[in-house]
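Below are structures written as structure tokens.
In what follows, chain A forms one complex with chain B and a second complex with chain C.
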Partner chain A sequence: MNYVKKLSLLLVVALVVALFSFSVYAQEYGGTFVFGRGGDSVGLDPIQVTDGESFKVTQQVYDTIVMFKPGTTEVIPGLAKDWKVSEDGKTWTFHLREGVEFHDGNPVNAEAIKWNFERWGYEDHPYHIGGEFTYYAYMFQDFPGVIKEVNAVDEYTVEFVLENPQGPFLNNLAMVSFGIASPAAVKKWGEDYFKHPVGSGPFKFVEWKQGDRVVLEANEDYWDGRPYLDKVIFRSIPDNGARYMELRSGSIDMMDYINPEDVQSVKENEDLDLILRPSFNVGYFAMHQDFEPFDNVLVRKAFAHAINKEALIGAFYAGLAEPAKNPLPPSIWSYNDEIEDYPYDLEKAKELLAEAGYPDGFEFDFYYMPVPRPYFPQPKMIAQAVQYYLSEIGVTANLLSYDWGTYLDKYYDDQFQTYILGWTGDNGDPDNFLYVLLDQTQNNCGYESEELHEILIEAQKSVDKEERIALYKEAQEIIHEDVPWVPIAHSTPPLVKKTMVKNYIPNPTSTEKLHRVWLND
Partner chain B sequence: MTSYIIKRLLALVPVIIGVALVVFLIIHLIPGDPAQTMLGERATVEAIEQLRESMGLNEPLYIQFISFFKGLLSGDLGRSVMSNNPVLNEISVRFPATLELSFCAMIFAVGVGIPAGIFAATHQNSFFDNASMLIALIGVSMPIFWLGLMLIWLFAVILGWLPPSSRLSVGVELDYITNILLVDSIIQLNWNAFKNVFSHLILPSVALGTIPLAIIARMTRSSMLEVLKQDYIRTAYSKGLQDRMVVYKHALKNAFIPIITVVGLQFGVLLGGAVLTETIFSWPGLGKYLVDAIYSRDFPVVQGGILFFAIAFVIVNLLVDISYAAIDPRIEYK
Partner chain C sequence: MTNEEIKRRPSNPWYEAGRRLLKNRIGLLGIVFIGILLFIAIFAPLIAPYDPLAQNIMGRYKAPSSEHLLGTDEMGRDILSRIIYGSRISLQVGLFSISIALITGVFLGLLAGYYGGFWDMLIMRIMDIMLAFPAILLAIAIVAILGPQLRNAMLAIGIINIPRFARVVRSSAISIKESEYILAAKMMGASDVRIIFFHLLPNAMAPLIVQTTLSIATAILEAAALSFLGLGAQPPTPEWGAMLTDARSSLQQAPWVATFPGLAIIFGVLGFNLLGDGLRDALDPKMKNV
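This part shows the complex of A and B:
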């Protein structure tokens, strides 16, 4: 009897160990992965869209010349297996992988890449239709902008000649917007191409039921190996609460944008995992220096000491954010971690105000956004909290807002004394935060610094990464001293998945390829 | 009758022109530049200018209206600014979804509301009367999103009897032909899909139908009560007719006109107002789509969508008017 017991115990242990090791080590092929998201895609031609729900899908269907290493903004080979740049930084040569095909069977070669760039960049190109090509003009500064010409040197070598060196060029090419489309498919569908996407990515487009779902299937011949999953389905489930219930009822495998009040129940549920996307954004409080007394750096520093970022994050982000001390989020290379934030210190803040000549405080207008963004999930409540913090040091903020379009209009027109706003990165290059938001030719907070401008321009022209890192670190120090803003938070958007979903690595840039994800059924 | 219908349909023309003009003016006069809204934080001055130009927003307002109206006459509602999809295409995909849901919600509302109202009226001041009218009052005041979430939580998450949201389960094959999925599954004799579609319709129909149900029940009750007090009902009873005969043949027919009016109005409201239900139940209908378009200032979609709703509303009203004549022989249209 005893032997039987022992033996059966041993068997059970062996079985558990076997199962456990199997689930840890064996990646399984097959299965359908259903992702629940807050909205439908706008379109599936990545160059024509700017919304994350479109990019989630196009990331699977298309490849880019280079791409981001999973979980980072570091650039690694994509369609190109390697590349080199000329001494003057103006000529980039890419060597393409051989034998890669679009889903329609046409070859991905230098001609195809040249055709895509000409379609995007030349306004007189016959297929420069179907939208505004927003991100091309934005990243390459106009049509055709920085890219002077694209040459197909031979079947698998493509060369870009630039007007002037562009430091972020490689990061730009890795953006999901610049997914390479099959020229034959674009020609076939014309203005309706956005409903019939054909790329060379890990998943092929199957169908799109508008407002409901997009269905993709595995590309058996993907150059980086066949995806583990057979099918991927993106379902639109607009309500956060309903989406969470779909996950709990088992009809979806993963979701984003969860209500903060549901986070705790996810943590307690052993069938679900909460994973955080590395932050790629910054939410800030800006003080416009064209208005008194914000031209006085002491006042700005006083404000930096008066706002309790940790408390804001606890109250309004469900803790899913980190306090910001730099304009750059920590996920972006050259983030300067040596900078020490202005600590929350009301006494110090009051001292600085008195020193600036405002011992009794003052009154000013404070504008907050009417819509939630990832960097400010609850802008009105955050603004009210900031208003309260500032009242603690004796200054009175009048809270005001406009509809979103008008808000941005007035922001660009430099009409706000102080305001909250933020930024989500595009290409993972520090230039995309520091130059775009704070250079004196770009910013909307009346901040002028010739020193900063020179550094940012120098870094823009350099193609030497080490040199650029040093320059951007210096830039962050200058910004820290000048306090044009009080950076508030970098939010880390939460994703919730079933524990059976394995190897999902969220990328800071908001989308990731899913061919390495597998299901442990 | 035919000439009446033709006359009513002709009257649609000024309605359409009026609605088109009002919608056009309102959306162009409210603050918020669509180009600015679309580009968001990335809106540079040049990009906005370029987008405004390509959207035709730099033209004078009357030129914009004329070109919109010209398109309208040729059946072209333009393309969505956001997606570049033809507006008519979007409507033809989404409206059937809204129609299907509204129709099922009305069947639920009418199917439960009218019998409940009749029963309450014939058993005035009974326990059932008081209880059902109290429930109706709660039904009218219930926030749909709350009711919807509770239904999903109970029937999908806890009990697991019904699917939580959307129109069709992942993995169930069905070709979309009319985009009314019950019809599509019947055409294809696909009973598996039919069952699946039907099970998806239950929860949103209940959520959406609850308020109309309450209104219809209350209307039926009061209308029936009024009729039941008439002399001819007493006469009918004194003739020795059975209860059932009096209530259904004599009373209900006469009480029906106000009920039909309410049913028609409610159906019209549902067609255009299912935004919350569509959001909670991930229903890819026109209401939610239109609200999103208003937020993003997608002018062509808003114009086309509202115009479409206006026409649908007018047609529903016409059907109601026609049904008056069918119910009450005293009413005649010339």
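This part shows the complex of A and C:
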């Protein structure tokens, strides 16, 4: 009996080993991976940029102290192999991996990390140059903000002392913006550093032909193992249709932002796979309360009843989205599923308008963005559909647009009466949606709620997750009642790859490291 | 013979030109095209089977059928109805923008041609500068400053067409102003205004009419181009050029969405071009015997 047991155990072990070795064996080294995207990077110093196209590249070149587990927003070790936080939540200690080097051969140690944070956070730092350091101020509230000091305890131990506890602190450190750069390279290039990025990530920077392509090559000594790919090229092909043609003809291996109309043909094509990025965004219609009559909550509620979200998703997202009732996407913790959305009901909407004193409707400007975004793949059509829904309750929206840069400028300038826009979360924390988009000190829709502000600040300072969940659920109820926006959809952005591209795991935060991707030629 | 009788004589040049135009097949075809276009534009609400703005996002990209003769577009709107209403916009653009160009251009041309000297120099150099820019580029610049709206697009098209009219009028004014009957009018004490409007302008009429007709054709095309670039009519206005631009992304999957507005533009532009050609032949005194 004993003998049989032993034998079967041995068999199981052998099987597991065989399976494991087979899967290892199947992965192939080598090859060049070409990714086609809608636009060029703005810059390659991640702390200076906010656009997804820059982050796609810097994600490969840099490491962060901690990072997100592939396909999730769960925090896992990065440059730090482990960490601990003090009782009061104010002191974070990180133990770094030993022997990790930047691409220029300098060591990644506590001093280097301290130097990076001081460069970002201290406005009088000699290398606080080359941009606005936007995301630092965003996430740590000003310069130096929440981070009081960064200490290099020893070669491989770094300690952060915070002004007050910050709930999302660890998730913030995992954001691609806080990639650790080689101090020597920053000193060498100064203002021009954004064109010569040096980090410790899985791929080294080779060249950047602006408007055309960024070329990267494998970092042989990467701490998480050499990447399977030899080279990665990011090509800019602005037109969605043209990019799809290139993919079909084989000159690129993968692309994002496909026209929803083409999704069906991808599904029918044996050589192509449609993969879906986990939904982690929100597309919304905002009503600016500095303008009459949007200061009246009844008008805003009427609009919420007038828009048929299900129909919009069926028509313009190829079904790859779900209707939004909260600013938070359902995949994030603290999502309040008990909230009941305002149903599509034209009669109710008309009643509310009449009650607000506008039985005969009114006229206003409605802005839509000129470029497809993950949350609004076809903004012009969606805007026209919304305009039509609103015309059915007797209000007239004049559709207007600007080029993308101007559009964002005017949005930040509070010049739009109503507009559509959206957001993709970048650190997996609800704070990154609710505080950034709707707090009265941050939002661009004239929404003021002291009650909400207090909740959001309290949630920021708390490190107790249960408490934070309760606070954010309450925040969503307030937002639901005040209707600063009509949330429209949480999309599941489609990516298209050739079937020969293996193990591409899209992350909700919209960028991912490519060192585990391999090509099956 | 009294004056009345002289006017009624069949040898009146306008009457002659009209007769020749109707005999000219090309010109006649142009008149027919424009006639159809006018008819459609005027009676659009009666002809169009659907509301051009009514959407049905459940029925997008429907192929032509008995229900929707030309199919439906990306918002599920009836393309035929949109084209029918679009004729109003195209005609409006043509007439409005060319009126701006005509009035301003004629005024400047007469001023430059009649007075000559400094005014001629100043006005015509400005016109030269405007002509030095590619027309559509100048229009884009003007719209970019004023903001993308149909009204501004019409204004821009009007402005870029001014030099053509100014040139035509100026050259005929110069050729006539030294003639003896103008001298006679001056001797009789006619004012400059009288001479300009009663003697110079009527003599420039023939080339002006041709120029106007042809310019309406280009204006329609330019408006479509501006709308195609997103600088003219804004959604959901059923403007032909704007319809084309929205159809671009579905060219492979629903070609009818782009085809029919394209044909409508061709039809409208061709009508005015043919009429312009016919008028040029009819009004040219050298072609009298054709």
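Note that the second predicted complex is superposed on the first by the 348 of 521 C-alpha atoms of A that agree within 3 Å, B and C clash if a C-alpha of one lies under 4 Å from a C-alpha of the other, contacts with A are read in each partner's own complex, and residues count from 1 in each chain.
Heads up, the rule we're going with is that contacts are C-beta pairs under 8 Å (C-beta built on N, C-alpha and C of every residue); 3 or more make two chains touch, one makes a residue touch a chain.
Note that the structure is predicted; figures quoted are calculated from it, not measured.
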{"item": "First (chain B), second (chain C), both or neither touched by A:212", "value": "first"}
{"item": "Chain B versus chain C as contact partner of A:235, first or second or both or neither", "value": "first"}
{"item": "Contacts of A:387 with chain B and chain C, given as first, second, both or neither", "value": "second"}
{"item": "Chain B versus chain C as contact partner of A:27, first or second or both or neither", "value": "neither"}
{"item": "Touched partner set for A:43, first chain B, second chain C, both or neither", "value": "first"}
{"item": "Of chain C and chain B, partner touching more chain A residues", "value": "B"}
{"item": "Touching partner for A:131 - first (chain B), second (chain C), both, neither", "value": "first"}
{"item": "First (chain B), second (chain C), both or neither touched by A:164", "value": "neither"}
{"item": "First, second, both or neither for A:396, with chain B first and chain C second", "value": "neither"}
{"item": "Contacts on chain A seen with chain B and repeated with chain C across the two complexes", "value": "241"}
{"item": "Of chain A, residues touching chain C in the complex", "value": "240-241, 259, 261, 311-312, 314-316, 370, 380-381, 383-385, 387-388, 391, 398-401"}
{"item": "Chain B - residues contacting chain A, complex", "value": "31-34, 36-47, 50-51, 54, 82-85, 90, 93-94, 97, 145, 148-149, 152-153, 156-157, 160, 163-167, 169-171, 176, 279-282, 284-285, 288-289, 292, 295, 297"}
{"item": "Of chain A, residues touching chain B in the complex", "value": "32, 34, 39-40, 42-43, 48, 50, 130-132, 134, 137-138, 142, 191, 194-195, 209-213, 233, 235-239, 241-242, 245-246, 248-249, 251, 402-406, 408-409, 412, 421-424"}
{"item": "Touching residues (chain side chain C, partner chain A) in the complex", "value": "53, 55, 57-58, 60-61, 74-76, 148, 230, 234-236, 246, 248-251, 253"}
